[in-house]
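In the part that follows, the structures are each spelled out as structure tokens.
The following pair of complexes shares a single chain, chain A, combined with chain B in the former and chain C in the latter.
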Partner chain A sequence: MGGKKILIVDDDPDICQGMRVRLEYSGYATCFAADALSGVAAASKEEPDLIVLDLGLPAGDGFLLIERLKTHPTLGVIPIIVVSARDARANRERAIKAGATAYLQKPVDNAEFLAVIRQALVAFTSVSLPE
Partner chain B sequence: MDNLDKEARLLGKLVTIRESFLQRTRSELPALLELLGRIQTGDSTGLAQLQIYAHRIHGSGATFDFAAISETAGQIENLLEALIGTPAASAVEPHRLRCLVDCGRRLALEIGATTTQASGVHR
Partner chain C sequence: MLREMFSNESTGSFELTHVLRLSEALALLEKGGTDIVLLDMGLPDGHGLDTVRRAHAIAPEVPLIVLTGLDDEALAAQAMKEGAQDYLIKGEIENRALPRALRHSIERQRMQSETDLIRTHQMQFKDEFLSHVSHELRSPLTAIHQFVTILLDGLAGALAPEQRQYLEIALRNVKQLDSMINDLLDVTRAQSGKLIMEPQYTSASDAIVYVVNTLQGAAKAKGISLEADMEHGLPAVYADPTRIRQILVVLVDNAIKFTPTGGVVRVKARTCDDDPDLLVLEVADSGCGISPDLTERIFERLFQAPDLALAGRKGLGLGLYICKELVTLQGGRIWAKSAPKQGAVFSFTLPIFSLPKVIAPAVLQKGRGGRCITLVIAELGSRTGWLSDAVRAEYCHRVRELLQRCLHSDLDVLLPKMGAAGAAELFFMVVVTDSTGSEAILKRIRELFNGREETLQEGLTLSISCRSIEEIERRASESADIYLEKASAQIQAMMSGEISSRMAINGR
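Let's look at the complex of A and B:
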């Protein structure tokens, strides 16, 4: 999975940096956005292979971003992993229904985080590649 | 660079990020307490800003292994969810307001007492 690019959408710089060093250690490239609207712009510009998304964002929450991306003609196929401190009982189903691939509640175990990313990328690649 | 070196560098970076979280949270504490003070006097204009602080501390605190700080910030976030949308803080049930202020004080104490050596960093 080396060389895959992951867009991290989170308004907390410490969280972004924490994810960056962990993901880059595992061979991924990273890029960032701090709110829902710039997340859409960053996804268009960077064309990431996967998006890691927080729900509590300024200028529209994470659900807005999922909605915008999933209705986008080309970006809609990118897998989205939601990573949030919000109560999973209230938000997991909504996020998955909206189009997220997985929902992880903070704090996230790093091994689980990487496994979910890898799984989503494998599924995405097998869907994206021609037979 | 061998794997041990690589891992040591990763851990070093994570420790630095943890310290940065704690430092930033400490620097935000006066503003957080000021917002709580305003809410106590019936001014609800700071509720949304307080919720932003609480949400950040809740999520990042858990991520960086500051469990007590994260839990208290989560309680504040939950209390604020019930208060946001209330026309004026003066209309809020007094016990909710008391809980919010108590949680704020506890959070301030926990942040003040926490050091980065208190717990580990997980790869």
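Let's look at the complex of A and C:
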């Protein structure tokens, strides 16, 4: 998965740094946005292969950001993984309906986090290839 | 006579409506606009206390004054327990006393409603506060978890053995704090009736094996032997697998806490002797035991054992309370048996999954000409050959939702999740139809899934097939139950065949 770029949208700088260390160690490049509004702008500018986002974001809810990204003409295809402190049982369905690929609850198990990212990237790539 | 009593009142203070039957009174109450009811308990279509119950149920916010005979004061007192505000004895009602009684009742009712409202608001505030605080606690905890694991996994350089040991202690405490936060949230949800359950066809034995493996380290560290002891071929239960594990973790964790070094903790599963529809799971320890007068109280919220010297650190006192909620919500019961110094046994029951019960409406449909039943099998697979649990759970959810919409009639059943079969996921539908009908269903499923590319875009595949079940002969003398058993056995055999063949393909 070397060279793939991941956009992290989370307003907690410590958590962002923790994710950066973990993901860069596994060979991913990372970029960041701290609120829902700049999330779409960062995605347009950075053209990431995958987006990891929190639900409790300033300047609009994470759900709103998922909807904005998923209805965007070019960014809509990028897989989104929600990593949130909110309860998975209560929010997973809504996030998936809005277009997210997976929902992980904080604190996230590292092995699962990396596995879900790998899975989403593999699937994304295989779909993008012509049949 | 009552009208007369109100004659002294200034006009407009009370407006009287008089009806002769309870049915008329109920209709009037349902319409609204009534401020108070004077209710005779001896109405022609009413029946004593039931009169009060029905009137109170239809308009709980309208105060009731019961009219009763001289010799019936005991009954009137009971009526007040059922929601009446007051009672008046017929023949002893004074002119002036009546309007006063009415005014008092209306005022009392208003005060009560206000108190109830305040209490509801307070509960709501407490729930929201707890939920908010718990979520906020998770963020710093997440950051600590991230960096402790970054250090432990060697991402920031090699660790000396002593450094590793200390970080492992930190991680253990992070996990403990995380589970306390989860407990707090579960309790908040339990109290507002919002605990979410996702019951399915699942194996209790698998849950036991998982929990014994997970907590083996903690048991070993304390020099305790932790064993699983299960009857062979136990039936599957209809329950939420994550919740079964959650309950067992609390019980086994407690057992380890209260058992001294050299002791034994056994987790057992067996069918229930008294009720063939239940499975019993048991956690038995050789620890300090519980005094008999506490075996009920330990399931209360915030209960703490009085002597915790042996157990080490106190918890929140929520574990067993949550267990009780989780067991009860799944249709089971939980209890403890113990004597001091003789260890304790915690037992809980879970409903055994019953295929006959689930498919009864489809199989026993009245007036169905030919008894054609078809088993539709949908298999979700992955082109990449591997699915993470989170991704798998989400796609299964979506596929289930779509399949639910493909059902032919109210009688057709989409069976609950049947457990994983290798890398694939199987869904079963029992459908009342012949071979032509099953072709139509297959076509419908294909159309519905093709129209929803996004459901399966992530490298997933869906294959569907049908198996019609042979005509099952039903003799005239045979009861519906026997017929249902036969059909269930056939469907069960087909499903097991399907699952085991997939497992063989997937090399599991």
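Basically, the second predicted complex is superposed on the first by the 130 of 131 C-alpha atoms of A that agree within 3 Å, B and C clash if a C-alpha of one lies under 4 Å from a C-alpha of the other, contacts with A are read in each partner's own complex, and residues count from 1 in each chain.
Here is the rule we go by: a residue touches a chain if its C-beta (ideal position, glycine included) is under 8 Å from a C-beta of that chain, and two chains touch if they have at least 3 such contacts.
Just so you know, these numbers come straight off a predicted model, no measurement behind them.
Student: Counting touched residues of chain A, say whether chain B or chain C comes out ahead.
Tutor: C
Student: Pick one for A:14: touches chain B only (first), chain C only (second), both, or neither.
Tutor: It touches chain B and chain C both.
Student: Answer with first, second, both or neither: which of chain B and chain C does A:90 touch in the superposed model?
Tutor: Only chain C; A:90 stays clear of chain B.
Student: Answer with first, second, both or neither: which of chain B and chain C does A:30 touch in the superposed model?
Tutor: Touch partners of A:30: none, neither chain B nor chain C.
Student: Please report the chain A residues shared by its interface with chain B and its interface with chain C.
Tutor: Touching chain B and chain C on chain A: residues 12, 14-15, 18, 21-22, 25, 56, 85, 106-108, 110.
Student: Would you pull the chain B residues touching chain A in the complex into a rising list?
Tutor: 6, 10, 13-14, 17, 20-21, 24, 52, 55-56, 58-60, 62-65, 70, 74, 122-123
Student: Spell out the residues on chain A that touch chain B in their complex, using ranges where they run on.
Tutor: Residues 11-12, 14-15, 17-18, 21-22, 25, 54, 56, 58, 84-85, 106-110.
Student: Using the touch definition from the top, list the residues of chain A that touch chain C in their complex.
Tutor: Touch list, chain A to chain C: 12, 14-15, 18-19, 21-22, 25, 56, 79, 85-87, 89-90, 92-93, 96, 99, 101-104, 106-108, 110, 112, 115-116, 119-120, 122-124, 126-127.
Student: Report the residues of chain C in contact with chain A in the complex, numbered from low to high.
Tutor: 135-136, 138-143, 145-147, 149-150, 153, 155-156, 174, 178, 185, 194, 196, 198, 383-384, 386-391, 394, 397-398, 454, 457-460
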